[in-house]
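The data blocks that follow each hold one structure.
After this come two complexes, each holding subunit A, first together with subunit B and then together with subunit C.
Showing the complex of A and B:
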């Protein structure tokens, strides 16, 4: 029972990171119908930049994270302007492949600068275990959960209340209608890329401080975002949160209960088996809008 | 012999569908094949091996182009299917099958797997289908890793050299001819595929699947057929790869290779057989050039191996992005433009 509880808590912590990463991913998809294969690489790059600011430039940890977030908001705007805008209206494969190309470039840059090794994010919390009942939690886990929850709350408020957030939802809903009501669709595309990268970096910093930093490990999260968003529905923000949490919990439960039975680590493939099953049975996920085609 | 037409004299659809409208193409292809057949006599074994690799990836890329370029179904799992073909070949070869039987059998096994992972295309398309093939990639890759680690440690599958009537087809020289032959057959089969009802149905589905269904094409069946043909090609490419390298391991068949395959058909030109050949050549030769560059740099810089990896990723990504933005039709279209220029020279219009 305690074991189960511990697995659930661990799953929720890592799941909240997935949720945060998936949020940005869904944001880009909702606004501009781009499936961003470079999401994991932006996440990794952001974490490494924050790490470099904190260690090489010896900035305090919190300001360096904030500085990175600001930089990545701007980077999101630039990427949208330079790489994605020329491809508006092109076929799906072109848009997918441009994000794949982007992902490859970022990977190359990360290998060039940091190499394939492992790094530890500077600690900014005391490493005292917190024990609630029989569940062990490190402060970093708790903070990760809190940051993810706070950011997710902040984002949902942003979409509900702020003018920009409402405009973004309008663009996602119907570009032409939004355009005719005076919403600048270009601006919305750019801002959604900016916000998406900010949420990716936030997720990266959280997971980087819980575990360790490596280009491989961090960019792999970008692949795990896919099962999360498919479970939740590609174009649903609450779906991204639920999907992320579900995948996190599922991974940990598999690692805890099924792997010891079979003697092989199924942890890494179970999300993808779920992905295939969901695609076969309920292709638009739990909360996604069913695509209706009109001829 | 007729080398160039000075106008369009086609009066039947059959004429429109011919592969070679005049003898220039026939002569060119014959000369090219003879030239390619002489390569092992004057190239060093390393370059012959690179040519063997090019041939293998031409087979794979032609297959992917049938699915992605011509039927419009994006596949991110092509390398996993190639891997499946390689593993199947390894097992068949160890069981004593001759190579000329093992290669098509491996293709058939892979085609079956391709149909299995094509089933989601009944309900989803576009981006969703791309994700289903991504899942196929991850799941198959996991299977390969599991197979490699059977019995505890890492045991790679070794593949014996191919033999024909007692003659050992060595990896350095003679196996190149097997690859050349297979690639030529694969290319001609693909070219002919698009002259049939099946090929036209594929194109119709790519252009508009609703309209295709309205015209009486069984969209789902043809999508599955496209998946199976494409996977067959991938399986054959994997089989050739298994014989050419001698060892099959999961490391080679990662998502990166799937992406490389997509890069091949984008650089070459979507939906074009010639494009697949050009793209496969460029994307296979490029890392070799980079490797040489990194090696020469390693005299100056100590960490050349990870420099190579970094350069490979970066250059590769830049090429994909640049082609998509500046030359979305690929090299095949550039080739067509050049050809037209010389056909009509000096009168441009």
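Showing the complex of A and C:
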């Protein structure tokens, strides 16, 4: 029972990080119908940049993370401007292929600079376990959960309360109508790329601090974002949160209960099996947009 | 704010006929524009029209005449459909806005209400209105929202509901209200009567007329329902095949025998004509 509880808690922590990463992915999809295959690679790149700032430049950890987040917001705007804007009006599949290309380029750069090894993010919290009941938690786990929850809350507040956030949802709903009211669709695309990269890097830094940094391990989160997002529904922000949590919990339960029985690791396979099952029953995901039809 | 009728003109004479184009201050002039889609399809073949400040100008015509294209040429929304103004100019308050960026046109005070309502279905009514304030820099958004609710009390009742679940009439009201949140000088209305019951059409046009009078908003109105459009407009234009074929003050248009035949479905004596006769007549005689 304690073991189950421990796995659930670990799953929720890692799931909240997946949710955060998935949020950025959903945002880009909602605004421009583009599936960003480079999402995981941006996540990994951001984490490594924060790592490099903290270790090579010897900046304190927290300022280097904040600096990275700011830089990646700007990078999001630049990527949108340089890579994607020339493709506005072209087939969506062309843009998706560009994101596949971006993914390879970024991965290549990371292998060139950091190689395939494992790195440890500098410790910035005391490694004193916190024990609640029978559940063991490291401070980093708690902080990760808090950061993810805070950012997710902040983003949903932004979409609900700020005019720009409401306009972003309006663009997702009817682009031409938004244009007719003076919403600059380009600006919305740029901001969604900026926010998407911020959420990706924040997620990457949390995962990197809890486990370790490696090019392969971090960019694989980009793959895990797919089941999280598709389970929740490609265009739903709450869906991304539920999907992320679900995948995180499933991974941990599989690792804890099924892997020891079979003697092989299935933790990275089970999320995809669940994905297939859910899609068989609910093709638009659990929270995907249901077309509003008046009768 | 200018008054919509004779009050704003230099020499108002009591009981004088409605002011025609040219006499009042001009807000928008479209000079002989040609519009092409995808660089090959010529849709407007030299359209000119004038919208005097504070008036309602009706732009009538059948399907495919180019009415909506004319509005999109003014609002800049053509660019989103791979169209552009190839020739001519669109002068708004002394500035040529042909092929301008839609956001800058909205900032200049022109807003288009698209055909078919096009409300944001997954946003609430109030959020729909908020999108209209994106170009605003002043803080009077609350007051304007009250103003929209004042004209459309039904929207107030539904303000927390998803717009997609509102009735067709409410959605049309929302589309107009959302545009009013921009605080436009010039409102471009594209077929507000589309798909609405006659009672609702009357209701919406009465409100449009009130907005024109009370807010001083100039309106360029595209309609297929000529009868209701001519009942609120000061002057009108009739389009066919990408050209203007008739123009003048409303009284003159209403009495024009061709307009009576084609658009109002009346005979010379003023009695209603059978639809079948109108169609047969249309097939024989066309403006070319």
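Throughout what follows, the second predicted complex is superposed on the first by the 288 of 295 C-alpha atoms of A that agree within 3 Å, B and C clash if a C-alpha of one lies under 4 Å from a C-alpha of the other, contacts with A are read in each partner's own complex, and residues count from 1 in each chain.
Following the convention adopted for this analysis, a contact is a pair of C-beta atoms (placed from the backbone, for glycine too) under 8 Å apart; a residue touches a chain by one contact, two chains touch by 3 or more.
Computed from a predicted structure; not experimentally measured.
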Exercise. Sharing subunit A, do subunit B and subunit C clash or fit in the superposition?
Worked result: fit
For this session: Give the angle at the C-alpha centre of subunit A formed by the C-alpha centres of subunit B and subunit C in the superposed arrangement, rounded to the nearest 10 degrees.
Result: 90
Exercise. First (subunit B), second (subunit C), both or neither: which does A:101 touch?
Worked result: first
Exercise. Of the two partner chains, subunit B (first) and subunit C (second), which one does A:261 touch, if any: first, second, both, or neither?
Worked result: neither
Exercise. Given the superposition on chain A, which partner contacts more residues in subunit A: subunit B or subunit C?
Worked result: B
Exercise. Thinking of the overlay built on chain A, is A:179 touched by subunit B (first), by subunit C (second), by both, or by neither?
Worked result: second
Exercise. What is the contact status of A:57 with respect to subunit B (first) and subunit C (second): first, second, both, or neither?
Worked result: neither
Exercise. Which partner does A:131 reach: the first (subunit B), the second (subunit C), both, or neither?
Worked result: neither
For this session: Name the contact category of A:166: first (subunit B only), second (subunit C only), both, or neither.
Result: second
Exercise. Minimum Cα separation, subunit B versus subunit C, post-superposition (Å)?
Worked result: 19
For this session: Using the superposition on A, tell me which residues of subunit A are in contact with subunit B and, in the other complex, with subunit C.
Result: none
Exercise. If you look only at subunit B, which of its residues touch subunit A in the complex?
Worked result: 68, 74, 117, 119-120, 123-124, 126-128, 130-132, 134-136, 138-139, 142, 146, 210-211, 255, 259, 262-263, 266, 270, 303, 306-307, 309-321, 324-325, 328
Problem set entry | Residue ranges of subunit A in contact with subunit C within the complex | 89, 163-164, 166-167, 169-170, 172-184, 289, 292, 294
Exercise. Subunit A touches which residues of subunit C in the complex?
Worked result: 75, 77, 80, 82, 102-103, 105-107, 111-114, 118-123, 127-128, 130-135, 162, 164-165, 167-168, 178-179, 181-182
Exercise. Taking the complex as given, what residues does subunit A use to touch subunit B?
Worked result: 35, 83, 86-87, 90, 92-94, 96-98, 100-109, 111-112, 115-116, 223, 226-227, 230, 234, 264, 268-269, 272-273, 275-276, 279-280, 283, 293, 295
